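Labels for the chains are A, B, C and D, by order of writing; each one numbers its residues from 1.
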Amino acid sequence: MAGSGRTSAEFDLAAAQQALAAQPFSRLVQARITEFGGGAATLEIDIREELQQQHGFVHGGVLSYAADNTLTFAAATALGAAIVTGGFSIQYVRPARGRTLRARAQVVQAGRRQAVCRCELTVLDEEGAESVCAVAQGTAMPLNGPAGGGGEG
Amino acid sequence: MAGSGRTSAEFDLAAAQQALAAQPFSRLVQARITEFGGGAATLEIDIREELQQQHGFVHGGVLSYAADNTLTFAAATALGAAIVTGGFSIQYVRPARGRTLRARAQVVQAGRRQAVCRCELTVLDEEGAESVCAVAQGTAMPLNGPAGGGGEG
Amino acid sequence: MAGSGRTSAEFDLAAAQQALAAQPFSRLVQARITEFGGGAATLEIDIREELQQQHGFVHGGVLSYAADNTLTFAAATALGAAIVTGGFSIQYVRPARGRTLRARAQVVQAGRRQAVCRCELTVLDEEGAESVCAVAQGTAMPLNGPAGGGGEG
Amino acid sequence: MAGSGRTSAEFDLAAAQQALAAQPFSRLVQARITEFGGGAATLEIDIREELQQQHGFVHGGVLSYAADNTLTFAAATALGAAIVTGGFSIQYVRPARGRTLRARAQVVQAGRRQAVCRCELTVLDEEGAESVCAVAQGTAMPLNGPAGGGGEG
C-alpha cells in the first residue's frame, strides 16, 4: 500500500486518492476512490470496452483487481498505509455489464497481526440501478510486523 | 470464455490464443498464452511500469487477473470453451518483481458440473530464475449446464 | 444435502432439522438448526470441552464445519435439498470462546448453476453478548445439473 | 497451535503428535498425524459412520477440519508451535468415501508475517488406491508477531 509516511490518523480520503494515483496499474484501469474512512472504502471504475472479456462483460480480472485494491484500502483505514495484501477469495455471481463498477469493502475485524475485510462488487446501469456481481473477502497485514511497529514511509 | 463454436477437441493452443486476443482487457494487460492442453494452461505477461503498484512491484490486481484467466483456460482444456469462471482464492507469498510474470494452472478434477483448478504464479528475473509469488485455486462451470449439454457458440 | 424427495417449496425448517439429524457428523458435533427459509439459515452449537483445541478455544475445524453446513443449508432454501457443496473460504478473526457458537448464512445470489452464500460466525457469551469470530463465503450446486432438472430423492 | 514452549527446532513428529492429542476436537474426530517436518505435515483419519453426512460420504466438515489442521501443522514446521490459523479456502472435487481420509499439506512460502500452505485431501479405498477429494490453501501466523519475536509457550 501507500507507505506514505503518514500515520493512520492522517490517512484520509485525499491521501488515499493520492496513494491510488501513485499506482500505475490503477491509472491504467482508471479506478477512483470515492469513500475512505471509518473502516470502509469504495472504489469505482467506469466500464468501457478495454475492460471487457470477449462477450462484452467486464473481465473477471477487473473485478478481482477491484476486490484486491478495495479490500486493502478498507484495511488501511484501520491499520494505516504501510500494509500488504495477504490474499483474498472472490465469487462471481452474475455477469458484470453496465455503466459503472463499484466495489465497497468493510473491515470485519482489525487486530495487531491482520485486518479481515469483506467486499461487495456491484454494477450500476444507465438508470443507476445497482446489482451485485461478485463478493469477496480477504486480509491485509502490517508491513513491518504487528500494527504500531512503525511504518515503511 | 470463448464460446467459439468449437468443440473441446478443436479447442487447441491456437484457438486459445484467439480467445485471449478477443478479450480487450487481456490486450490491455498484454497477456499471452504459451501452453494450452492436457489439463494445463500457462499465461505470461512482460512486467512493465504500468502494471505496478506504488512501490515498483507488480500490482496484486495483475496477479489476480492472471490467476482468474489461467484457471479458466486450464478448465477449458477439460470442459471446452463455453464456460464461466465461478470464483477463486489467491494468496500472495512474495512481492512480485522481475522480467516476466508466469501463471500456470492445472485441472485437479473436472466433472459435469465444474472443473476445479490450481494455479501457481511465478516471476522470472533477468537471468531466468523463477520464484513463486502467489498461489490460487478456483472453479469454472459449463455455460449451459453440465458439460455435454450444448455450447454457447 | 438432503435428497429427501421434497421439492424446494416443501423444504422448510422441520425438514431441514430432519436433514441435519440425518447427518451422523452433525449429531457428533451436536449442531442444531434454528432458522431456515427466505434465503437464510442459522446453525447453533453449544460450546463444550470436546470441541476445543489445546488452548480452550473452539477448534477451527468446528468453525469450518459450521460454515460448510450453514452455507449449504442457506443454499438449500433457494435450490432445494438435492445439492452439493462446491467449496468455501473462511477467515478467522478472533479466538472463539463462549457459551454458544452461531453460524448464520445468507444467499447472495442463486442461479441455475449454483448459489453463492456468505456466512458470519459468532460466539455468544454467558450474558448473550455476541461477537464475530469468523466470516466465510462459498457455493453449492444442484446435484443433477441446473436447478429444475429433477432431484436425487 | 501448540504453544509448547519448544523452539521450532525441537518441534518434531513426536511433539506434533502430542500437540494433536492435546486438542479435544481432534480426539473426538480421532485424527492422527503421520508426517511432520521439512515443510510438510500429513494427517489421517479412519473413515467411519459418525463422520458421515446423510448419504454415506465423509461430511464436508470433516474434510474442512482436516484441511484446517493439516495446513496449520505444516506451517508449524516452518514457524514453530506458537501460531494461529489465519484462514483457508477449500474446494471439494469428489464425494469422499473409502477407508481412510488423508490430508497432506506443504508450505509454499514462510516469512516473518505468515506461512502460506497448500493441502491435498485424498481418500484411500480398501485396496489402498488413493483419489483426491478436495484441495485447500491457507495461512498461519506467528502468535506473537513476526516469527522470532518470542513464543507463547
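The definition used in the following text is that a residue touches a chain if its C-beta (ideal position, glycine included) is under 8 Å from a C-beta of that chain, and two chains touch if they have at least 3 such contacts.
Chain-to-protein mapping (UniProt): A, B, C, D = Medium/long-chain acyl-CoA thioesterase YigI.
Since the structure is predicted, the reported quantities are computational estimates derived from the model, not experimental observations.
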Chain copies touching (chain B, chain C) - same or different residues, decided at half shared: same
C-D against B-D, pair bridged by the larger set of C-beta contacts: C-D
Cα-centroid distance, chain B relative to chain D, in whole angstrom: 29
Distance between chain centroids, defined by C-alpha means - chain B, chain C (Å): 32
Chain centre separation in whole Å, for chain D relative to chain C (CA means): 22
Multi-partner residues of chain C (each touching 2 or more other chains): 84, 86-87, 89, 91, 116, 139
Chain A residues touching chain B - in the complex, by the definition given at the top: 1-3, 19, 22-29, 49-55, 59-62, 64-69, 72, 84-92, 95, 134
Chain B partner contacts - residues on chain D that touch it in the complex: 89, 91, 93-94, 108-109, 111, 116, 118, 132, 135-139
Touching residues (chain side chain D, partner chain A) in the complex: 84, 86-87, 89, 112-114, 116, 139, 141, 145-146, 149
